[in-house]
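In this document, chain identifiers A, B, C, D and E correspond to the written order of the chains, with residue numbering beginning at 1 in each.
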Amino acid sequence: MLILLLFAVIAIIAAILVVSMKNIMHCALFLALFLLSVAGIFFYLDADFLGIVQILVYVGGIIVLILFAVMLTSRVSSALLEQTNEQKGLAIAACLLLAAAITAAAFRTPLATTLNPVKAEGTTHFTGELLLTVYALPFEIASIVLLVALIGAIVLAGKKGE
Amino acid sequence: MMFLPLIGLSAIIFAIGVYGALTRRNAIGILMSLELMFNAANINLVTANKYLNLENSVGIIFPIFIITIAAAEAAVGLAIILSLYRQTKTVYVEKINIMKW
Amino acid sequence: MKKKSASDAGKKAFITNKFGDFGFSIGIMMIFAFCGTLNFGEVADAISKGTLSGSALTLAGILVFCGAVGKSAQFPLHVWLPDAMEGPTPVSALIHAATMVAAGVYLVARTYFLYAASPTASAVVAYTGVFTAFFAATMALVATDIKRVLAFSTVSQLGYMIMALGVGGYTAGMFHLTTHAFFKALLFLGAGSVIHGAATQDIRDMGGLGKHMKITMVTFFIACLAISGIPPFSGFYSKDEVLLAAFNYSKPVYIVATFTAFMTAFYMFRLFFRTFTGEMRTKLHPHESPYTMTIPLMVLAALSIVAGWLFVQGHAFESLVHFKEGAAEEGNALVVWISIAASVIGIGLALAVYVLKIVPDGFFRNKFPRIHKVLINKWYVDEFYDKTVIKPSLNLARRLFSFDAKYIDGAVNLTGIINVVISKLHNVFDKAAVDGAVNGVAEAAQSGGGLLRRVQTGLVQNYMLLLVAGAALAVVVFFFVK
Amino acid sequence: MNTVSLKDFIYLIPESFVLCLGILILILDLFTPVNIRRKHVLNISVLGLLLSLPLLVYAPPKGLILGDMVSIDTYAIFFKCIIVLSAVFALTMAKFYAPIKDEVIGEFSALVVFAVLGMMFMVSSSDLLMIFLSVEFVSIAFFILTGYIKNDPKSAEGALKYFLIGAFSAGIFVYGMSLVIISTGTSNLKAMSGILHAPAGYSPLFLTGFLLMLVGFGYKIAMVPFHTWAPDAYEGAPTPVTALLSAASKAAGFAVLLRVALAAVTGRADLVLALAVLSALTMTAGNLMALQQNNVKRLLAYSGIAHSGYILMGVVAACSGTEPELGITSVLLYAFVYMLMNIGVFAVIIAFFNKTGNDDMQSYSGISKSNPYLSLVLVVFLVSLAGIPPTAGFIGKFYVFSAIIKAGPKFLWLAIVGIMNSVVALYYYFRIAYFVYFGAQKDDGKVEITAGLAVIAGVTAGLALLVCIYPGPFISAAKVSVLIP
Amino acid sequence: MLLTLVTFIPLIGGLALLFVPKGKDDIVRGIATAAAAVALILSVIVLLGYDKSLAGMQFVEHRIWIPSLNVTYYLGVDGLSIAMLVLTTLLSLISVIYSYNITSRVKEYFFFFLLLETGMLGVFLALDFFLFYVFWEITLVPMYFLIGIWGGPRKEYAAIKFFLYTLFGSVIMLLGIIALYFASPSHTFNMLELAEQAPTFTKLFQNVIYAALFIGFAIKVPVFPFHTWLPDAHVEAPTAVSVILAGVLLKMGTYGMLRVSFSILPQAVLYFAMPLAVLAMINIIYGAYCAMAQKDLKKMIAYSSINHMGYVLLGMAAMTTAGLNGAIFQMFNHGIITGALFLLVGVIYDRAHTRDIEGFGGLGSIMPVYTGIMMVAVFASLGLPGLSGFWSEFMCFLGAFQVQNTWMKIITGLSAIGIVVTAAYFLIMIQKVFLGPANEKWKSLPEINRRELITVVPLIVIMVVLGFLPRIVMELSSKNVDSMVKMLGAIKP
């Protein structure tokens, strides 16, 4: 319980820092911290496979990608510039409204919550089985999506056709 | 029972992500905020999977796909940003408004 | 300029008649609505059966009479006839003034069953007639254009006929119509001959023409006697019958009619004396007209003399027209003598003024300049119409059109008030930008689009904010407004 | 856990065919010299897509397969045909669209083919997971296609805006989904429908989640106020992509929206009302903003927004009562009709672009004197877009209005709003005609009518007329494709 | 088959035009004339074969068109439409001939023109509501281009105004049509079937639908206050198009009311009779006064159309035999007379390039033949007995006056003021333009030429002939009107 609380607090603080730090590089690092703490929450909620995926794909992939992009555009990403725009007030209002509405809706919804028993061997095997049966098609499609993204990234970022 | 607090946590993170996406001037910053939003959804799903009886354990499968899509989007998005950067030498979205009205 | 006034007159005649026809057509429709037929006989039957009666009948009668008022130039639609004298030749004026206008009288006579059944309607007819007779006669007293005098006299005589019909003397009216046709034709052709000979229409420029145009003078004289009602000329017989009918109907009507007879005699002989007697006032070279013109004059003169007498022999005319009005009324010696006396006095007065010069010429004009002016200006009826009907109509037309152009267009285009409001706002904020706002819809839509367009700032985060705001709003509305 | 028969993959033959086509093109691209790539690669992709049509039409519908993830029903097939057809047209157009360079034309056609594949999955999806996955698949493909013109800041800017808003709304979309899944316990539409129609099925959490999901759909179909990306993306994107985006992507969006709405909205008066309000807003805002435009592509983007409003009327009608058939038919027909006219209009725009070098209305001034054929065809499309007979647009509009009127007097106001809007719409459509026909002629030069564009314009114009003159087959095709929820 | 041929021959001609090579304008004109002439001949054949002793539909063609919607391709003529059919083909041919003076973009001009003719014919012949609507809308687009390309100085404005206005009306009408479809027990667009099912519609429903359809028709007529498109459109349109616009297109509105509202929504027609009469009155008086204020000859005649269509409305509002017959006859007459007037205005405009009434004068001596013809047309228009216009106007008034209702009588009476004003403005015009001293400026205006004579004289002949034998046209509609009056009488409370 305490561990969960800890992860949650870290996640929130890290998230706030991600959206408010001036130096974009720091933001990226706090994003990594955030993602790690979320992975911690996943572990706590018995989603160990997902936690691993989170660390591998996110921290190992996306964060690296982002850092790469930050460095490529570093000439303009100066830490001295104001990093937030003028619609801050409106944005805060909208976000608070949204969060409040969601939370209120959650509290007003009666759900039969029980603790799901977790299989002894963890979720990995179980997840794999699902991915090859019920979720076989999405699994296939996901791979095509990645292929498309790959081609796209090459076409857009590459020098071809210029 | 941590169900409702976790839902609340995800709502907060979601709101933070939305806020970031709305206010960051740097396109890469927006991209990072978007990741927060996706993670909020993931927390929701995983929590639900733990405390509710979801059909086909969709709660732990769905996040996998969300992460995949997030990765793909990040790749494409960064490519777009880089491509734009190469032409306009900026990543500040408010400078990108030749098309309007 | 002459042609212009001629075309003016044509227009005036047409439109004035249209006014009459307007009432007439409604009258016809009314009759049709009640009786389901327009056949005279069937309508008469329907009236006798009571299908059309009471105020409806009266109204129908009056409306039908409107047609006659227009066509026969009765007050208040008489204005066109004098102007129609502008017509190019006396012959066409003849057609116009002497015969065509008779159609109105004929109409009333033809539909006498309406008036016979409705005292009110017939009273309207009678009073209109007598008033017109008097009214036109007053104007004839001062007119100086030979054709105009004749035109006024025509109006006056038509008033006589109408009055006759109104007072129940259908035969008398028709009789006068017939005899009038002879001597009025004679007068017009005579006038034509005079104009032909003297090359002017203004009687002030004439005088002493009799020396050069004997035949014309004699025939004209006969016609003047006839119209004045001097026995035994035809006018005497018919006018006598008309006055008799009026006498039996109402004394005031009779008195006015008789006075009119006096005036008729006076102005006709005024015309005659000024034209044919005395000194020539201008250097004209008058000459008698060719035979082609004088022979018709002589024939008509003969008819003017004998027609009246012929028709009264054995009730010839009555049997010809046979109205179902019972036997002709008994002659009344008093009426006969009074009418002869009135005519004679009128002639005498004219003689006194224009030949014997007992009363100086211009005496009346100088003594009563105002009345003279009123009469010369035809009682200002034309001006009155101009002010009350024509100008307002044209104004109304212009107004309606500008209304049409400005408001209806604008308001409709914009589907209502929004346009007005917007244009008002424009007015307040930006006076210079105000214009008719005719294309309201387009404008309103355009400005609406313009406002909405501001949403599309080109800044992607504004878009995203809009998106979130939309979603948040939807959620809030859903939970809290419901 | 359900037993899932992987043999059911056999029903995905058309999809597999398209996938193989995409990969084939990628491979082919490697071995084709640059100078003949435009011709060969594009021809092969067009041919391949055309071949997939009979596969689609003659493959037997099956219903839910593969763990109820996708539904191979006639409804989906109808939309798939629309998608494939518009891709065929778009690729043919691309052949004559100079800004897409020869070097990248191979990847371009491959991406279009993959986008088609994504949309095919999209219209079949009957599970939130599949919906999310395929919607994002399509989005990603279109992000790339939008930014495809190198050296054109408009293209890159369009892509960035499209991407940022797309990813952002995807975030909201998926968050909404997570709430929906929490509240119903399932991601499957069929199961969800059952749960929702039980007593107390609609929980506040579900409604919140559904509204957030609506953002995602709204973004996809360019519904106000989630439409803001459309004008910029349409204007910036290469015109063939714009055509595909407006015709196919929108159709697919509606297909999946309608599928979800039928499962989740039917019988919920307030949600139907919300859709109705959105519909009215969408068409009004779209039309009013279109009035202001001078760039034809931008104008068509706004007009497309307005058309989304009209189609939403059909969705409202389908969800408002117990008899959804007419409403669904109207959505199907309208999507088809809209595809026809939009494709045609963009073909003409490309032809004019090739002459004038830009998409401004003013530059079309008097072009009808030198190009009577294209101008006349353009008029047919404009008339059709305005919904005036004897063109396809009229049939579409007629069906939508029929559906909404049949839904009863409670949505009469929506019909009237629709009516007002079609009058406003006429104004800006005919502003184009105004320039084309009434404007002062700028020069005598004729547009080099490339045979392919002429054929596309001619064929779509012919179809646009045929759909009104002989609508029987089209209507019955739509009718048999009605989704029975 | 005959009616289909009549309807589509112009379209076929129009399509054939498109294949004529560039620059061969004479061939284009020939084809257009031939197509219009064939249509006229066929319509005359229909007229000759038409049995006026029957009230039902004749020359019926009935085929399934869209089975799933129960839409049929259904054409037929009866007393309401036969006169309109001939009027349309006649005026179209005349306009085509008159249009020989169009020299720019000839091919497109005649294409749009013939397309327009097909649309108009379809409207008058269609008996299926869907088909009716399709044809109704088909007329819009060619008209837009005809005004917009070949029109006067403010053509774009006039064209789009016309288009927006009429489209607005027709889309509202579309709602009404759809609602009728769903309300009818057999879900049909068949007008005759709908008429049979009229008793099943509730009163409220009828009233609502009537209002919806009325807006559509009223804009076309045009009824005050929906009329403002008309002066603009007329003034800017080229002469031949003005002829068609005034001669035929306006009739679509009143024809629609007769064909649809009167037969399908009888209850509502009764309910709205009085408002319709009031609108008719406003149309008559307002139109007349507006016409009086005009300085532009063409605009004056445009407003006179509003005035004259008021008579039609009045006759219809009466719902009596005389009124309805008069209305139908007036529709025909107005087409002929106003058509002629527009042609004649076109003649003078082509010569003088101005239409300012004030600017002319004394044309009577410069162009005597032209003046004579103009006089006949004007007198026919202001309802001089002996010319065709008189009969129909009179019948309309007569019919309205027959109604046993004091208000109706008052309205009719007031409307009759319009006759006077009509006479006034026409005569003012005649005086200013044709009489008086000849204006030096126009001394050299050439007399009306042969082509123009060919177009105008037939219309003049018709005016005169119908002035003496009004029964030729009146007979055509009487059977239908009788049954319509009977039907309306039966449901009268």
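To be clear about the criterion, contacts are C-beta pairs under 8 Å (C-beta built on N, C-alpha and C of every residue); 3 or more make two chains touch, one makes a residue touch a chain.
All of these numbers come straight from a predicted model, not from anything done at the bench.
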{"item": "Subunit E reached from subunit C - shortest hop count over touching chains", "value": "1"}
{"item": "Other chains in touch with both subunit A and subunit E", "value": "C, D"}
{"item": "Comparison of B-C and B-D (more C-beta pairs in contact)", "value": "B-D"}
{"item": "Chain occupying the middle, per Cα centroid", "value": "E"}
{"item": "Chain located farthest away, centre of subunit C as origin (C-alpha)", "value": "A"}
{"item": "Subunit C-subunit D separation of Cα centroids, rounded to whole Å", "value": "75"}
{"item": "Whole-Å gap separating subunit A and subunit B, where each centre is the average of the chain's CA atoms", "value": "6"}
{"item": "Chain centre separation in whole Å, for subunit E relative to subunit B (CA means)", "value": "65"}
{"item": "Cα-centroid distance, subunit A relative to subunit D, in whole angstrom", "value": "31"}
{"item": "Residue numbers of subunit E (touch at least two other chains)", "value": "164"}
{"item": "Two or more partner chains touched - positions in subunit D", "value": "1-2, 67, 129, 133, 136, 140, 143-144, 147, 150-151, 159-161, 164, 168, 172, 179, 182, 204, 207-208, 231-232, 292, 427"}
{"item": "Set of subunit C residues in contact with two or more other chains", "value": "441, 453, 456, 458, 460-462, 464-465, 468-469, 471, 475, 479"}
{"item": "Interchain pairs in contact, sorted by label", "value": "A-B, A-C, A-D, B-C, B-D, C-D, C-E, D-E"}
{"item": "Interfacial residue positions of subunit B with respect to subunit D in the complex", "value": "7, 10, 14, 17-18, 21, 27, 30-31, 34, 37-38, 40-42, 44-45, 47-48, 52-56, 58-59, 61-62, 65-66, 69, 72-73, 76-77, 79-81, 83-84, 87-88, 93, 96-101"}
{"item": "Residue numbers on subunit E that touch subunit D, as the complex places them", "value": "65-69, 105, 107-108, 133-134, 137-138, 140-141, 144-145, 148-149, 155-156, 160, 163-164, 167-168, 171-172, 174-175, 178-179, 181-182"}
{"item": "Sites on subunit A touched by subunit B in the complex", "value": "1, 4, 8, 11-12, 15-16, 18-19, 24, 27-28, 31, 34-35, 38, 41-42, 45-47, 49-50, 53-54, 57-58, 61-62, 65-66, 68-70, 72-73, 76-77, 81-85, 87-88, 90-92, 94-96, 98-99, 102-103, 106-107, 111-116, 123, 126-127, 130-131, 134-135, 138, 142, 145-146, 148-150, 152-157"}
{"item": "Subunit A partner contacts - residues on subunit B that touch it in the complex", "value": "1-9, 11-20, 22-26, 28-29, 31-33, 35-36, 39, 42-43, 46-47, 49-53, 56-57, 60-61, 63-65, 67-76, 78-83, 85, 89-92, 94"}
{"item": "Subunit C-touching residues of subunit D, taken from the complex the two chains share", "value": "160-161, 164-165, 168-169, 172, 204, 207-208, 211-212, 214-215, 218-219, 225-226, 228-229, 231-232, 270, 274, 285, 287-292, 424, 427"}
